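Chain lettering (A, B, C and D) follows the sequence in which the chains are written, and residue indices restart at 1 in each chain.
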Amino acid sequence: MRTFECDYTEGAHPNILEALLETNMEQMSGYGFDPYTARAAEKIRAACHAPDAAVTFLAGGTQTNMIVLDLLLEAYEGVISPKTGHINVHEAGAIEFTGHKVLSLPENDGVLDVDALEAYLRTFYADATHEHMVRPGAVYLTHPTEYGTLYTRAQIERVRALCDRYEMKLYVDGARLGYALGCPENDLTLSDLARLCDAFSIGGTKLGALCGEAVVFPWEAPKMLMTQVKRHGGLMAKGRVLGVQFDAFFTDGLYERIGKEAIRHARRIREILLSKGYPLAWNSPTNQQFILLSDAEAEKLRAYVGFDLWGRADDAHWIARFTSSWSTTDADTDALFDMLPDRAALQ
Amino acid sequence: MRTFECDYTEGAHPNILEALLETNMEQMSGYGFDPYTARAAEKIRAACHAPDAAVTFLAGGTQTNMIVLDLLLEAYEGVISPKTGHINVHEAGAIEFTGHKVLSLPENDGVLDVDALEAYLRTFYADATHEHMVRPGAVYLTHPTEYGTLYTRAQIERVRALCDRYEMKLYVDGARLGYALGCPENDLTLSDLARLCDAFSIGGTKLGALCGEAVVFPWEAPKMLMTQVKRHGGLMAKGRVLGVQFDAFFTDGLYERIGKEAIRHARRIREILLSKGYPLAWNSPTNQQFILLSDAEAEKLRAYVGFDLWGRADDAHWIARFTSSWSTTDADTDALFDMLPDRAALQ
Amino acid sequence: MRTFECDYTEGAHPNILEALLETNMEQMSGYGFDPYTARAAEKIRAACHAPDAAVTFLAGGTQTNMIVLDLLLEAYEGVISPKTGHINVHEAGAIEFTGHKVLSLPENDGVLDVDALEAYLRTFYADATHEHMVRPGAVYLTHPTEYGTLYTRAQIERVRALCDRYEMKLYVDGARLGYALGCPENDLTLSDLARLCDAFSIGGTKLGALCGEAVVFPWEAPKMLMTQVKRHGGLMAKGRVLGVQFDAFFTDGLYERIGKEAIRHARRIREILLSKGYPLAWNSPTNQQFILLSDAEAEKLRAYVGFDLWGRADDAHWIARFTSSWSTTDADTDALFDMLPDRAALQ
Amino acid sequence: MRTFECDYTEGAHPNILEALLETNMEQMSGYGFDPYTARAAEKIRAACHAPDAAVTFLAGGTQTNMIVLDLLLEAYEGVISPKTGHINVHEAGAIEFTGHKVLSLPENDGVLDVDALEAYLRTFYADATHEHMVRPGAVYLTHPTEYGTLYTRAQIERVRALCDRYEMKLYVDGARLGYALGCPENDLTLSDLARLCDAFSIGGTKLGALCGEAVVFPWEAPKMLMTQVKRHGGLMAKGRVLGVQFDAFFTDGLYERIGKEAIRHARRIREILLSKGYPLAWNSPTNQQFILLSDAEAEKLRAYVGFDLWGRADDAHWIARFTSSWSTTDADTDALFDMLPDRAALQ
């Protein structure tokens, strides 16, 4: 049975696999000192209009967040995250493993409440005991968020201004960035991110890589970057594996194309869900679509199609997730239309 | 000008100083292998009716919380704390420094909301992704709390039952424990703590020691305790300094007496505050009394008497703190009565 | 120009790539909950005759050492390593990053001096201050070693006996394990490792995987293994990438065959080196061959063939490394024979 | 029986106790914001001729080394220590607890071999793989050393020059610094240390404080010093306890006087030992004197006088330690003369 549970149920995009195949027997230096890694970095710098950016590649998302934040923060600093942020909920304490507190703040459907951020910072520095507290050293955001929602450029600019005022770094986790970039509603470009962030990631794993996230430090490379990555267990001997994949992503607009296509499929999934009577849990413009199901509905629906029981809405309802991805085809969404019963039929 | 800002503005209780003086030139082994440390531990075991308890002594409160929790928790576990808990707010990230996440939950005037705790645990284990999250490995409480409030024995028993059900440790931070034990409202004895907790501390610094906290592990000593304390930077070469002081605390009921006397003075302070028209911020039965002051009142009052601007109540009001301690005398509270103007006079 | 500098200059073995291609569009659960990962684990258990073993898969070698040792050790324990051990020299402090001291001991061409180990342990526990020191909690060995040399089964059995006597764990880092297993001189089987070690790794990256190491805990799975791996940044969303590769390694004896073939090529490389007058730095029975070159010779030789300037022998000489690997062919060694000048010609 | 086993068997110097007594009931702010701490810092700055130095006070020696080094080092850096350095041997892994590797180098009777240091640094940076290794970020020395020996000013200047050339910090652990300063052989003044070190400590515990070490950062205060100290569990609520003691140490030359007197007593102890036929293990000009005893001699001698079995010299001999301290009197050394049998009598 076809499942729509998440965007990493398949392997790699055909272009990526082909690039790995074609380069397989070329002899290259290890640890990222190969021409494909250099080329991928160069293409990413060009795509971001950030000619001085340091670009590096890591294998996974939690590893990326752990390493980037540990490099951005002073040892004694914590990182502000929306309460629902991935680092605050689903990374098994990897940030705390590196000694940093996650300072969680209110959000709306996954988007940090910037008023709450401003109030928090004002209150923090007004508190005479703040040197006994954990200094906020960075703000962590995801784009798109864990709820599939998006920041506006204006919101990120406001966060940036607060970062400047209170001497904090800004890091945007783009594990699903391609699915934001592919959205008509999105007004945050790679160039904007390079202009506004101290670091951001460009997710590969969920966009069709076997594994891999690119990290961009637009302004300044962290000291001893390779050493630090290795110290955190993140340095790959065959760095080429990441370089070749990201070189393919940024060749002929593949990364952008994957995002756009997946969003087209997500719109179709949403239409199908709505047309069959399923209420959206909230409005997500990206590749993850969330609906509300009663426990009984959820139980019955599982016989028809694969989806993710993403979380509890309340004691009697689930939030269920249907995703599109780089691998979704029109045949898949047609099949969804055929498989999915009317909600009324689940009663 | 006499200040009532906190309970550690003076040095040591006379009996404690005298004990240090009397034993000063005795030659003793270091690192806690001296007879006074052994005797203090023995007296604490007796006071707790916990003949098998491991008792150790540390220099400060944050150090104590950091070490005890790091020893109680598995590396991958976090600790549940009321949102207002000292480890969550005022320890500069010392818990995260040891790699553990603080999982904060709602509270009422500093007292953990046990219903919220129960709901959190039920939800956590119902979540299919909980192995990607930080496992709650312990519950941290303060008694009295940062707000001067107290847990009831029934509340702690309920927390203990949840700890048993969900395989968690219970640690009570007793930095001001003596001021709870001295309260008529308190129904939690040292024996209760030894029966209900995996570890608890008996605060010395705020009760009249130069420095020092006793830690009781009622059931089981952590492995390699001295080595672990040293690894955290907490082992004192002259362990006697802590042993002699706690031996004095637990001689002729000094610790208990200090608590009772301070509470008597706190009642007098409260009466004085109320009689002069100052509204309590909330009801604290222990040695810290909290009142509400407008910004203008706070500014003017500072000319009359020393107190602590403890925190903001709202944009126009302070919460101010007046404390009694082991050092407070009837003359002090008489002086407070004389110095303190009627609130009306501050308008 | 063909290089023999190391065993990770190419991508993946053709069978591995093919397995990735064939399974690419199958939908599978993430985080290692896919059928290929289960099958790879099962095949490894069978190959090790360790039906109860926990088997997990990680992306890289340093990550593997960091995670396995952090899971085997108590927080306050250190790990004994030969002075030349990878964790002591070339992992950028990843072990210390997790809080553990590396306790280095003498070795011979990379092989731990077991007499020195025994003397160290006897001395350690005879020292009255040993509780102020770092307790040795595990022994770390590499097989083959960084020098290409091998332990005998008798040596490992002796280390195991010391581990039993002094309550330590034994971990063997098998980043190049296949190249040991393929050696006629090797008498340590996978079954022996499963019988003697608390954990060992089976290296994939250097044996022809894109990335990946298998870890075997023969007797007992660490608590909360997936959570702990994620906390260290090591959990891959597409766990299948590792599972599919190791399933291929352990299908039809591929892993074993790769090792044997590479050793056959290494023997030919050694013969060529010796026949052309190059002196071995020491005797390595595995896939890495080390020769001594004067600085002038090294400089000149680089014009003929690619190799690794592995380290300094003394102020005027290099140790140079030539390796075979899963990718070496008879054509490659024939080419080496043709390209390599007589040493005399370099004078 | 009088023991000479170590220099922390008694409590505090009378002047120190008196200062604590006299100031006991003064109300002061906590956390080091009291006038005595300020005054002690000012006096230390004056004594070091370092008007811009940041001075802070910590409770113990291991804590001091752990915190200072963690503040001086980048996260990814290690610290060079003589093999016999306290941080490498007797601090239970406190340095590794903070994530840093101790890089141990050869020494002579506890004094770092500066030639070996120079060779190590040259080799390290000549190694093409050094970015996979732990960067040496600081040099740690003790003065006097664990063997009671002293560095010359010329040696420290040479280490400083290497620190400058290779961008490292220099930290001198002065846990027994007063006993160096009191030596005629010593040519390293407080001013020299302030000129040559990035940080150094002035030990109090072993010089007659109840507890306490002063730390001097001559050139530049670490960022957020108080916060960082608290994060490591080292901030004392009653900071006055340390401030008052160090104020007393630096009043009327007490610290210097204690050192000189103890050295006078150490000379007498040495003479007594030699006159009774005990061979020195090596020459120590400071307050610790080391002799060689056969196992049988050691066993018998313990019936006469207290001393420390400091370590094994070989399989049949002990190194035994006799110390003087701030508490030693002429009566004590007279008693030693009376109690100590001729070595011949132990046969």
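Keep this in mind: a residue touches a chain if its C-beta (ideal position, glycine included) is under 8 Å from a C-beta of that chain, and two chains touch if they have at least 3 such contacts.
None of the values given here were measured: they were computed from a predicted structure.
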item: Which of A-D and A-C has more C-beta pairs touching across its chains; value: A-C
item: Greatest separation from subunit D - chain, by CA centre; value: A
item: Where subunit A and subunit B are represented by their mean Cα positions, the distance between them in whole Å; value: 42
item: Inter-chain centre distance, subunit A versus subunit D - centres from mean C-alpha coordinates, in Å; value: 51
item: Interchain centroid distance [CA atoms averaged], subunit A/subunit C, Å; value: 34
item: Touching two or more other chains - residue numbers and ranges from subunit C; value: 76, 91-93, 97, 99, 131-132, 227-228, 230-231
item: Partner subunit A, residues of subunit D touching it in the complex; value: 70, 74-76, 99, 131-132, 135, 223-224, 226-228, 230-231
item: Complex interface listing, subunit D residues touching subunit B; value: 2-3, 6, 8-12, 17, 20-21, 23-30, 59-63, 66-67, 91-94, 97, 205-206, 210-211, 227-228, 230-238, 240-241, 306, 327
item: Subunit C - residues contacting subunit D, complex; value: 76, 78, 89-93, 96-97, 99-102, 123, 126-129, 131-134, 309, 311-312
